[in-house]
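The block underneath contains the structure these notes are about, expressed in structure tokens.
Residue numbering begins at 1 within each chain, and the chains themselves are lettered A, B, C, D, E and F in the order written.
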Amino acid sequence: MEHLGAPTPKEQKKLEEINVDLMMNGIAGIYMSMVGRCFTHCINDLTSKSLSGKEEKCLKTCGEKFMKYQQRVDLRYGEESANLQ
Amino acid sequence: MEHLGAPTPKEQKKLEEINVDLMMNGIAGIYMSMVGRCFTHCINDLTSKSLSGKEEKCLKTCGEKFMKYQQRVDLRYGEESANLQ
Amino acid sequence: MEHLGAPTPKEQKKLEEINVDLMMNGIAGIYMSMVGRCFTHCINDLTSKSLSGKEEKCLKTCGEKFMKYQQRVDLRYGEESANLQ
Amino acid sequence: MSMFGMGLGRPQTDYDENKVNAYKGEMLMASHMRETMTNVCYAKCIPDHYSEPDLNKGEGNCVDRCAAKFFQAIKIVGTDLQNQASKM
Amino acid sequence: MSMFGMGLGRPQTDYDENKVNAYKGEMLMASHMRETMTNVCYAKCIPDHYSEPDLNKGEGNCVDRCAAKFFQAIKIVGTDLQNQASKM
Amino acid sequence: MSMFGMGLGRPQTDYDENKVNAYKGEMLMASHMRETMTNVCYAKCIPDHYSEPDLNKGEGNCVDRCAAKFFQAIKIVGTDLQNQASKM
């Protein structure tokens, strides 16, 4: 984004604020979309109020795998973004 | 969220602002996602510009049911959130 | 929105800010949802790192068509919104 | 679609927060409305969106009718919610 | 669900930015949580949402259980992510 | 991906609003881009996401290629929209 010129300290402050907001919103959005996806896949019995052992294991596996997936995607995203500029 | 310490009045003001924004955005998002869902289900004839009686009835039923669903979900959401803290 | 009374200059300034934010977020959201849709439809071979001629053509067609679609939708959206007030 | 013009926030600043919040709520609603309409009418009217770069006549007409019906649907589906929101 | 109470921003204003950011993060998370729970439990519990305007007893019970399981699921699925976020 | 660096807002504050808006637009776009890429590549590369906690080699390679193709796709699909946005 260098074509926009270096930000002044006041602008820098404003941009950091925006950045923090977007980052937090992005994390919350991606995290909850993962929870939603794993829940939809792993929970099929709604006749009981507590998770079965099988459901718990499925959720754990799904969450771990997603984390590893997200790390890989973010690595590539960082590299490809850097190439864009 | 008590672990963060009680907010000062200035902070309180800022938090209320954020809260109002998120609440309004949440209502708009959930409301429009409901409209989208009911529309997708109830409207299948796009050869005419105005709703048929059948489509109108379907939309009304779908909207009413969603409202009741949302109230139930929000009740449980409130209870479960309170238990988390 | 005339029922709210004309905004003062200070309010006008605030509203413009909100408007710019929402407009930018709306453009980014609709644009990326289009890219996601075209990508999902057009890319089926992930054994290679670069787009085939066929994939490229499909993406180009899909993007162009979406742009024309978006223009038509926005035209109607503007008309129907104006009728609401 | 005026759902947010009520007692949120208190005037403590150099502008009327209630008024700004009411506008903001309408803009947020409009923004979600446009996005939803874009998505549902695309699904209903553009089945083969990767074979031809132009909207054909049938697709264009479908979009026009879809938009008209979508705005009618909003009025029907939203009545209860608007009543509820105005009690907030 | 406290994922954002750490070193973001620096106190340069008339309020504690870290504290405000931590609250903001929790509110953002809660907002996404409510929206996701609304969507997944709707898909699981309301199959025929356009035939009857009332929630029947079975649907209501399903919603209650879905909500209970959803909150349990969050604790299980999120552990790793929370560990990661707290290192930011 | 610079779509927002143009005449929005007017400098009336102690910082250059056009510049801040341009950055904000790029950040918003980047945020939606990351989310979309996360979703589409997950759907294409992780079919059995609940049987094994590790990414296997094939899945990992698939993600790498998916990311590379996604960034190429953005350049192709977005050309027209960027032309339009720059006329705003």
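Just so it is clear, a contact is a pair of C-beta atoms (placed from the backbone, for glycine too) under 8 Å apart; a residue touches a chain by one contact, two chains touch by 3 or more.
Heads up on the chains, UniProt names are A, B, C, D, E, F = Mitochondrial import inner membrane translocase subunit.
Bear in mind that the values here come from a model prediction, so they are computed numbers and not experimental data.
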- Mind listing the chains that sit against chain E and also against chain F? A
- Message: I'd like the Å distance between the centres of chain B and chain D, where a centre is the mean of that chain's Cα atoms.
- Response: 13
- Task: Quick one: report the Å distance separating chain B from chain C, using the average Cα coordinate of each chain.
- Result: 23
- Task: Would you give the residues of chain D that are in contact with at least 2 other chains, written as numbers and ranges?
- Result: 24, 28, 31, 33, 35, 39, 45, 64, 68, 70
- Message: At least two partner chains per residue is the criterion; list those residues in chain A.
- Response: 25, 29, 33, 38, 42, 60, 62, 64, 66
- Message: Can you tell me, using the touch rule above, whether these chains form a line, ring, star, complete graph or other shape?
- Response: ring
- Ring order of chains, beginning at chain B and proceeding to chain D: B, D, C, F, A, E
- Note on the structure: chain B partner, complex, touching residues on chain E are 1-2, 5, 14-16, 19-20, 22-24, 26-28, 30-31, 33-35, 37-39, 41-42, 45-46, 49-55, 59-60, 63-64, 67-68, 70-71
- Could you pull out which chain B residues touch chain D in their complex? 13, 16-17, 20-21, 24-25, 27-29, 31-36, 38-40, 42-43, 46-51, 55-56, 59-60, 62-64, 66-67
- Query: What does chain A use to touch chain F in their complex?
  - Reply: 1, 3-5, 7-8, 10-11, 14-15, 18-19, 22-23, 25-26, 29-30, 33, 37-38, 41-42, 58, 60-62, 64-66, 68-70, 72-74, 76-77, 80-81, 83-84
- Message: If we count contacts the way the header does, which residues on chain F are in touch with chain C in the complex?
- Response: 3-4, 8-9, 12, 21, 24-25, 28-29, 31-33, 35-36, 39-40, 43-45, 62, 64-66, 68-70, 72-74, 76-81, 84-85
